[in-house]
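First chain written, first letter: the chains are A, B and C, and each begins at residue 1.
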Amino acid sequence: MALNWFKLSSPASFYPVAGAMIPWFAWGAAILAAIGLWLGFGIAPSDFQQGEVYRIIFIHVPSAWMSMFLYVVMAVWGALLLGFGTRLSGMMAQAIAPTGALMTFVALWTGALWGRPTWGTYWAWDARMTSELILLFLYLGLIALRQAIGDPRRADRACAVLSIVGVVNIPIIYFSVQWWNTLHQGASVKLTGSSMETTMLAGMLVMSFAFWFYSIAVVLARLRVIILERERDATWVGALAEVRAAGQGAAR
Amino acid sequence: MLEAQNLAARRGHAELFRDVGFRVGAGDALVVTGPNGTGKTTLLRMLAGLSAPSSGEIHWNGRSVGPFSEALRGVVAYAGHLPALKDELTAEENLASLVTLSGAKAPPGDLDRALENVALSHRRHLPARVLSAGQRRRIGLARLLLARRPLWILDEPVTALDAAGAALLARMVHDHLDRGGLAVAATHQSLGLEPARVQSLALGETVA
Amino acid sequence: MAAEAPTDAVAPAPPAADGALAGLRWALARDLKLAFRSRAELGVQLLFYVIVVTLFPLATTPERNLLSTMGPGVLWVAALLASLLSLPRLFATDHADGTLEQIALSSYPLEALVSGKIAAHWLTTGLPVVLLAPLLGLQYYMDGESLAILAMGLLIGTPILSLLGAIGAALTLGLKSGGGLLALLILPLYVPVLIFGAGAVDAVRAGLGATANLSLLGAGLALALVGAPFAAAAAVRIALD
C-alpha cells in the first residue's frame, strides 16, 4: 500500500484514518493486557528476594518506558511542525501530552508503592526518580503553556520549542542508573539479552506492548477531538455525520 | 518591487481579511485604509516580515519572502504603532541605537543633521521619557532618514504628529519615493502625494 | 511602471560573520547601559537574594552544623529564585515599547542579539550573586573550601540559568500568567543545575572532590551556550507572530 504521506498530513484526510485505526489498537491493547497480566500475576514465579510485591513491575516498567517514549515522539512531532509547518503535527503533539503525563504519574506512583516494601520508603531522591519527576513537570508545563496561549498556532510552536529543549532530560533518565550508584537496579533488559527469568520478561514485554497500543488508541481518539475543535469552521467538519447529529441534538 | 497575492489573515477562528493582492513598484506608495479591526496592522506586519499570512504569497523583487526572511530584513524599515524608544536613553542615543541596529553607520554629524531635520536638536540630550508623543514620533522619522532602507512600512505614521510634523512626514515620503524607494502606509490622512504614484487598498470590503 | 526597487542605494546588510559579533556587541552594550541607568532595580534584585538567604536561619535553626549542611542548598535555591525574578524583564520591556520587533527585524542574526541580551542579564544578575554568595555563606558557617567550590559552581551555573531562563522568558512573552508560568516551565530545567551545583559542595565535604559535579555543570554550560540562543530566538519569533 503506497501511502501518500503528504495527503495524509492534512487534518481532514487523517481524521477518518485515525477513526479506523482506533478500534484495532483498543482491542489489541485489551487483549495484550489480559495476556500480560495473566503472565505477570498468574504464571511468573515469586521473586527470590522480593516475594510477590515485585509484580508491580508489570505496570511500573511499561508505564515508565511509555512516559519517556511518548515524550520523544511528541518532541519529534514538534520538530516536524517547526520544520514543515503542518497543522496536524502540532495537533499530534497536543494530543500526546496528557497521555504522557498520565504515564509518568503512573510510573511515579507505582514506583512509590513498590518502594515502600522494598526500600523502606515511598520516595528517595535518587537520580532516576528525580529525573522522572522532572519529566512530569515538563509535561505539566507543556499543558499549562498551551492553555495560557490563546492562539493555537502560536501555542503549537511554543510547545514544540519547549518539548525539544526538554528532550535532554530523556537520556538523563535512561542513563541515570548507569551513571550514578542509585537505589534503582541497573538495566536488566538490554537489546542483547536479559538477566531476568523468562516468564517475567515475557510478561513485561507483553504489558509494554499493551501500554503502547493503549497510548496509540487514546492519543488518536484525543487527536480526533482536537481536530474537530480546531477545524470547526471547515466545511468538511460540518458535513460529518456525528457533527450534524450533535447539532440536531443541540437544536432541539 | 513588492508584490502580494491572495493574502489572508486569521486570528484564531476569526478571519480578518482574504484575497488581498497588489503590486507596488519603485517610486510608488500603497495606502491602506479601512475601519478599526479590519487587519491593517496585521497586513503591515506581514509585509514587514513579522508574521505569516494564513494563506497567500509575498514577493520582493521576484523572490518569495516570508516571516523573518533574510531578503526582507535587509530592506524593510518598519515603523509600528509604538515608536520603539527606550525611556532611559536620550533622543540622540535612541536614534544612534536604532540606526546601528539597522546596520547603517551613525556618525555624530549625520545624527545631528537628522535631528535638525526633524526639529529635535534642542531636545537631543533629554531622555526619551520626558519627550512628548509627537517628539518621540519624530525620532522615528529621523531613523527613517538615516537607515537608508528602500521599503518603508508605516503604521499610522501621522499619529501624534502636529501639522508641522505631518508636513515633514509627507515631504520625507515624497523624497523617498523620488529616490526610488517604496512605501506602504496605513493611514487616514492624506500624505499629499501625487495620485499617480499612490495605490489604494481598502480593507473591510474584501471580506465577503 | 512596476520597476525593481534599488537595493544598492541603501546600506547593504552586514555580512554574516561580523554581523553576528556586531549584533552581540550592540545588544550587550545597550542592555548594560540600560541596566546601569536603572541601577536601583538591580540593587533591589540583589537585596532580594540577601533577604531570602537570611530568612532561612531565622525560620529554621541557628544551630551551627545544621546551617552548615543547609548552606549550599539555600544559596543555590536563592540564586534560582533571584534569576526567576529578573527573567521576565529580559524581553518584556523591549516587547512593551516596540523595540523587540525592531530587534527581530534587524539584519543582524537574532541569535546574536539574543546572546548579547543574555550576556548582559548574567553580568547584571548572575555575576553579583557569584560574588555575594561566599560572603553570605559565612552566615552558614561554611568553611573556605566549601565557599570556594560554591562560588565556582555558581560561576559556571548562573550563566546556564540565564541561558535557559531566556528561553522561558521568550516563550511566555505577553502572556497574562507571566511569572508563575515561567517558573513552572523553567524550574524543571534548572533542577539538574541545582543538583550538581549544590552537590559539588557536598562532594567536597565528603572527601570525594568536586570535579565530577563541576565537569557536568561545565558540560551543561557548553550545551546551553550552543543551543539556548537558537531556542530563545525561535521563541521570540514565535511570540511576535
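Everything that follows uses one rule, which is that a contact is a pair of C-beta atoms (placed from the backbone, for glycine too) under 8 Å apart; a residue touches a chain by one contact, two chains touch by 3 or more.
Model, not experiment: these values are computed from the prediction.
S.K.: Please identify the chain with the largest separation between its CA centroid and the CA centroid of subunit B.
M.R.: Farthest from subunit B by mean C-alpha position: A.
S.K.: State the pair with the higher C-beta contact count; candidates are A-C and B-C.
M.R.: Higher C-beta contact count between the two pairs: B-C.
S.K.: Once you find the CA centre of subunit A and the CA centre of subunit B, what distance in Å lies between them?
M.R.: So the centre of subunit A lies 48 Å away from the centre of subunit B.
S.K.: On a C-alpha centroid basis, what's the spacing between subunit A and subunit C, in Å?
M.R.: Whole-Å distance between the two chain centres: 32.
S.K.: Any idea how many Å lie between the Cα centroids of subunit B and subunit C?
M.R.: Subunit B and subunit C have C-alpha centres separated by 34 Å.
S.K.: Tell me, which residues of subunit B touch at least two other chains?
M.R.: Within subunit B, no residue contacts more than one other chain.
S.K.: Subunit C: which residues touch two or more other chains?
M.R.: Subunit C, residues with two or more chain partners: 241.
S.K.: For the complex, which residues does subunit B have touching subunit C?
M.R.: 1-2, 23-28, 48-52, 60-62, 67-68, 70, 73-76, 78, 80-89, 93, 97-98, 100-105, 147-151, 179-182
S.K.: For the complex, give me every residue of subunit C touching subunit B.
M.R.: Touching subunit B: residues 1-7, 9-14, 19, 26, 30, 33-34, 37-38, 96-99, 101-108, 110, 237, 240-241 of subunit C.
S.K.: Given the complex with subunit B, which residues does subunit A contribute to the contact?
M.R.: So the residues of subunit A in touch with subunit B come to 150-152, 232-233.
S.K.: Under the definition above, what is the set of subunit B residues touching subunit A in their complex?
M.R.: 11-13
S.K.: Once bound in the complex, which stretches of subunit A touch subunit C?
M.R.: Subunit A residues touching subunit C: 82, 130, 134, 137-138, 140-141, 144-145, 148-149, 153-154, 157-158, 161-162, 164-166, 168-169, 172.
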